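In what comes next, chain A is part of two complexes: it sits with chain B in the first one and with chain C in the second one.
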Partner chain A sequence: DEDDEDEGIGEWERAYVDDRSWEELQEDESGLLRPIDNSAIYHAQYRRRLRAGTRIQKGLIRYLYIVIDFSRAAAETDFRPSRIAVMAKHVEAFIREFFDQNPLSQVGLVSIKNGVAHTLTDLGGSPETHIKELMGKLEALGDSSLQNALELVNEHLSQVPSYGHREVLILYSALCTCDPGDIMDTIQKCKKSKLRCSVIGLSAEMFICKHLCQETGGLYSVAVDEVHLKDLLLEHAPPPPAIAEFAISNLIKMGFPQRAAEGSMAICSCHKEVKIGAGYMCPRCKARVCDLPTECTICGLTLVSSPHLARSYHHLFPIAPFDEVPALSDSRKDLGKSCFGCQQSLNGAGNKPGPCVTCRKCKHYFCLDCDIYIHESLHNCPGCESIH
Partner chain B sequence: MPSVASKQYPDDVSLLVLLLDTNPFFWSTTSITFSQFLSHVLAFLNAVLGLNQLNQVVVIATGYSSCEYIYDSSLTSNHGSFERDRTGMPPLFASLLNKLEDFVTKDEELSREEGNEDRTPSCLLSGSLSMALCYIQRVFRSGHLHPQPRILCLQGSPDGPEQYVAVMNSIFSAQRLMVPIDSCYIGVQNSAFLQQASYITGGVHHTPKQLDGLFQYLTTIFATDLHSRGFVQLPKPIGVDFRASCFCHKKTIDMGYICSVCLSIFCEHHKKCSTCGSVFGQSKLDESSSVSDKKKKASQT
Partner chain C sequence: MAGGQVEKRVKYKSSVKDPGTSGFLRIKEAMLLFVPDDPKSDSKLKVQTQNIKSQKYTKEGSQKPAWLNLTNKQGRSHIFEFGNYPDMHACRDFITKALAKCEEEPNKPAVPASTEQLSIRELELRFKLLKENSELQRLHKQFVESKVLTEDEFWATRKKLLGKDSIRKSKQQLGLKSMMVSGIKPSTDGRTNRVTFNLTPEIIFQSQVVIYWVRNPLIGVQVASCALTYRAPCETIFAEKPAVRQAFISYVPSKMTEKDFWTKYFRAEYLYSTKNTAVAAAEAAEDEELAVFLKPDEILARETRQKIRRVDPTLDMEADEGDDYTHLMDHGIQRDGTRDVVEPQNEQFKRSLLQDLNRHAAVVLEGRSIDVDSEDTRIVAEALTRVKQVSKADGETGKDANQERLERMSRVAGMEDLQAPQNFPLAPLSIKDPRDYFESQQGNVLNAPRGTKGLKRNVHEAFGLLKESIVEIRARGLSDPLIKPEVSFEVFSSLTRTISTAKNIIGKNPRESFLDRLPKSTKDEVLHHWTSIQELLRHFWSSYPITTTYLHTKVGKLKDAMSNTYSKLEAMKESVQSDLRHQISLLVRPMQQALDAAFQHYEADLQRRTAKSSGGERPNGYV
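Let's turn to the complex of A and B:
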């Protein structure tokens, strides 16, 4: 009986019960164990991702609703400790990453419980509000209804300005949906209002989810374990390719507030408390706000600072992928022995040339790890920046 | 990924990556000569290495047309014996000075090849920042046991506005890695890039008034390791001006208009975005159909 087994196992052992690390071992020709070379696998995965993201226009101002299915299927324990706990943890990480990469966008949370969709938080730009609300309501009950969630989200997003990209990300655990009407009509309605729906399934692939994503131009994926779920979620953090007809380009009026003078006293408009010193003043109505980016509560002007805009500039000026250099090519002989970025030796085991990459523009050589770091986080080629 | 488990190393071990400005256009205008400046810097580096046996120092030279690694204290070739060589220079920094001299000569040649360009005589800050971050990322990859890295920019050249996007990218990457960027500005005007860098990443920014006492400023402000900064009073960040400048006139604005497609900033209302060419108030479908209408009309006439 499973319970009896679990009593004898310590907490640390439970983490390894399902771990099948022996499946990752490889043998070489003579039957000896080969050390697992993760870096080459990781780099190959990264190259595949890079090929997908070429220079397309991206939707930078996003209004995203995250719909989480809190039906009874979410209480399943195939994801440890339970699907709800794993979903909550990863959604929190996703929200932080989302605001980091899209500082001008807004997020809202919707939950499905007992067949009814509830709005947990309205569209807003502060990660803390969303995370607090999410963590307070973690329980699974009743059926799941995809149609009710879509109707609710559609209604909320119809009030959003036309230059924003409307998106929904649904985390679906159930294997069915109990709807009051015809969900196909709802899907057509979403398609007409240019709402891009993506679904991440936690149990199995469902036709209705696949159909929804295909119709609206979103992404459908099913997670096989916790780590995979996290990766799939974080795939939605960078801006998706903009389907150009979806958002009307417009000039948005924004304010760049200056810091309030040291020692000045004012009642801040977000907390309704007296605050001294640090804070910002809206340039239009002179109300005081505590943090940026935000919308002025008094006059509604979007307030940002220049670094918030600069965070998105790397999407507009992406760097070209580096070219792989085969280990046995002739050009390797004249090349310098170390990576231009981190000075690590480019030779592999036994002083033979190992795999490396090169930038087309500046012709410098980089190691595989620098390649990943440069393209995923830094967005600058050190070689190109070091020449005129 | 930043490693919280660097606690397994003693708390106050640091890796200091020094970005040294060698821009000849700047050094020709200062009161202090480059060699006097270098003597302050070398004494400071010695002090940092003396604070803890495990401390590491890496020096990257930021030139006018190129950037290069000059010195890495962890390389065994730099651990010379303590006998002075024939010129009387302690071997610890003989290689640094040799490499620096080679770099400056090469940089000068490269700048001459470029010819006279009409641009602000700035140094390539974005290049050396990117290299420093790649090096720090390598240190993080090496496992749990590593010193706490930080970057110190020692610069006098003015900001080059063409480097804005690259410098901001480096700043955000440093922020994510939790690597503070300290800056010591010895030039005449203020450097907005360095102020923003230190503010966003949680580093210290300071503009020393008396360059004769540079060593004192460096050791009292910039030599403190990250853990000890909690117990020491360092210059506080003054309010940094984060207002943006408009793309059309380059003047700082309080309120402006942002293109929703490319995030360009304008100070007044336009019909069309000059950066990405989107027509405002019109969806792309209408735009393409109006273009094809124009073509039909043109072919008919």
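Let's turn to the complex of A and C:
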């Protein structure tokens, strides 16, 4: 039927009309169209992201506040369907990714409406609470005030223990800030309390945001479209390098609770209900908690499990980036034609050797997809592990 | 209030039903004196402030008269009926202050530094919470009244309920809006000659200011009357136009009403917007007050003259051509040569957009200088005048202001691109790769002497065995049945046992909560014990490590309460019916475990303490 067809082809129609998709086509030297190959682009992007340098400390235990600007400017529709909807969707994805990569950290949400900053959620480690609160109130009103937001966040984060890294990520769509006082004072205050402020702008670059980020050591970037916004947001998910004067080393007490036996029964301290079986018992005060990581409500001990620590740990020991192999190298022919990770053929179109990479230590060959997967998700080289 | 005492007319009642004897109440810091009108009556009262234990009062807004009820330490209560609420509030506040002062001295050594003065509002909130939440009330009764916990400690963990955090956090102020007043264009209704200004509250008024116009053939339009419904402070107008503010203070309410004032003001605005200088001049000649709005702002001119004197010499003043500065005769650059012929007498009635824009921007950047958030326009005007006077006085006294200006100049003088980028040095990581640890351990295992622990096999042996069994299966094929029947029977029966016991506990209806199946009284008891244990344990664990004697006594008290609860739990287990006994004991066991853990910790800590204090010179068990 026509309706179905309309819906089905709607996506490419939109891309055609709005994004001018014909401009992406390229011709080679004989005038024939070249196939659009995105994988090389992704790989190039990913290589740019890798930073193989000396080992630096990273802020693993992060206390991050996400400040979202719900002022009048957020109702603009240059990001489809509207800036608010896009921001909410991407922040949700960011929160999940954040807790994946930083299980020991906590997040809080703040919104700016009508010139006043409101706390949507307090610092907490459960992604569902934050996402629910965020999706509940999506409306844009009034002016935006950077100073009020910074003051509020500063106050909240002043109660955080000294080993935690204080960060704030501001999603700013307005072009001005309507402040009750001198914002430069607030910026100095943030700098003194070691608060690292980063801003992602949605409309244009502003001096005050740039100044704020420069002073506090954060990142300032402006998004040009929805995809770019998502990339910029997800850039903040891995732990940032710790600045030398902010990093204080401390011994932190943590508990590794045992999982409760199948038939055991107890009243859990988070819900006040009788729970049977699944749950954990705090090793110090023997209170029952439902899931990890969390803080014991009775004795305040941070409770984690070893996979959580491991997930934080691999940020400190990244795998060395693989070397690119030039297409016409002799050694290629020796080691076979398939990728060690996925066993797919390494040849590109027409049986010519396609692009691939090799690990320095185990000397195995990997295709580009496996390269991205190993460095971003797996964090272990299959070749090196299989040597033992 | 003559400093240090309050005196009001009251009626004294010894009980609620008493009609009350009228007289005077004099409250001083140290004592309270009631003298009845009738010298013969014997209800003269003298109460020392330290004897007053607490005070209660009736709420404003309720139909009851204003009563203040003071209870003294002996339990007697004195009720005072006031003529009106403000009186009662004044007395109450005074007494609160006096009480607070009394309490401060004796309480200082015993109480830790975190005691805050309890305001009446907080007390109210606490009472309300206790009344509404019976569980909270039970806990409160159990602990605070039996002196296990003090009030402050009890409420310290419940800050959220009290909303204390939000009260303590400073209220955020709104910046001034960037949108301008003149951005509002009136809508004209040609038919009825009505010009309507729609205004929003933050800027001026919260209603439609409907101005009725009457056509006057000679002059044009003239304001006949103006209808205003609701008012709100007009901070922005007063901040931007000090002459208007001055006029307001001097004219209202002496010369004209506020309504008339604003009518004239809007008239002036309308005339400006029409840019009809002839009409403006004519009207100004006619109406003296209107003229105030139409001519240039003298106060502003004075201020700007002062500012010009203090401007940074490196600043390029040529760029400020559009400002009010050009109105000053001895400053400003005139356009080169060609000047428009403007009638000199009407020049003062012109105002350019740039001037308005710049003035508004200057005001917004200064920020909110007053904290007054009132509806009365006059108060706002006066507050602004006060602030301006203060800042003027400060500005004229030189040294600090000079220093600040020099600092600001030097800050601005540096060029951003020429300065080095601010690089925060990153902290280097010095940590060993954990994989090395595991690899070295593996080496240890491989090299360990065999046969020390017969059951433990290392990796190579296991691999060898696996290989052997695979070879065997390949040769023989899989046997039938796959697993020996005795083995499988054992596995199945143990599984059945576990599942059936779990099912017994959960019950046939998985959605029905376990607690609901218990009789109500037992359920309540169990839950109550659980909440009290949680409360005690929370306070217990938060007091460690023990650093002060206060914490030491607190922990002692908590421990006694916990032993109490422990025995209560035991008693409950015994007393419950036999069919439920098993389940209750299952429920109670984790609670007892938690209490045991706390006791253990307490004992261990006590031992460590006594060991430390008794002998540093007896290490490691020397006798």
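As a working rule, the second predicted complex is superposed on the first by the 362 of 388 C-alpha atoms of A that agree within 3 Å, B and C clash if a C-alpha of one lies under 4 Å from a C-alpha of the other, contacts with A are read in each partner's own complex, and residues count from 1 in each chain.
FYI, a residue touches a chain if its C-beta (ideal position, glycine included) is under 8 Å from a C-beta of that chain, and two chains touch if they have at least 3 such contacts.
What you are looking at is a predicted structure, and each value in this text was computed from that prediction instead of being measured.
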*Fit or clash for chain B plus chain C once both are placed on chain A?*
clash
*Touching partner for A:Arg284 - first (chain B), second (chain C), both, neither*: both
*Which of chain B and chain C A:Ser145 touches, first, second, both or neither*: second
*So, A:Gln258: does it touch chain B (first), chain C (second), both, or neither?*
first
*Return first, second, both or neither, reflecting whether A:Leu309 touches chain B, chain C, both chains, or no partner chain.*
first
*Go through the superposed model and pick first if A:Asp323 touches only chain B, second if only chain C, both, or neither.*
neither
*Report for A:Gln344: first if it touches chain B alone, second if chain C alone, otherwise both or neither.*
first
_Quick check on the superposed pair: does A:Gln57 touch chain B, chain C, both, or neither? Answer first, second, both or neither._
both
*asked:* On the A-aligned overlay, A:Asp28 touches which partner chain: chain B = first, chain C = second, or both, or neither?
replied: neither
*Of the stretches 206-214, 458-466, 494-502 or 512-520, which one of chain C hits chain B?*
458-466
_Considering only the contact definition stated at the top, list the common interface residues of chain A for chain B and chain C._
57, 242, 244-245, 247, 262, 284, 313, 316-317, 388
*State the interface residues of chain A toward chain B in the complex, per the touch definition above.*
57, 60-61, 100, 104, 163-164, 242, 244-245, 247-259, 262, 283-284, 301, 305-307, 309-314, 316-317, 339-344, 369-370, 373-374, 377-382, 385-388
*Which chain C residues qualify as touching chain A in the complex?*
169-170, 172-178, 367-368, 422, 424-431, 433-435, 439, 442, 498, 501-502, 505-506, 513-515, 527, 530, 534, 537-538, 541-542, 583, 586-587, 590-591, 593-594, 596-598, 601
_Quick check: in the complex, which residue numbers of chain A touch chain C?_
54-58, 114-117, 143, 145, 147-148, 151-152, 155, 176-182, 214-215, 217, 241-245, 247, 262-267, 269, 272-274, 276-277, 281, 284-288, 297-300, 313, 316-317, 388
*Residues of chain B touching chain A in their complex?*
65-69, 72, 110, 114, 117, 124, 126-128, 130-131, 133-135, 137-138, 141, 163-166, 168-173, 176-177, 196, 200, 239, 241-244, 253-263, 265-266, 269-270, 273, 278-285
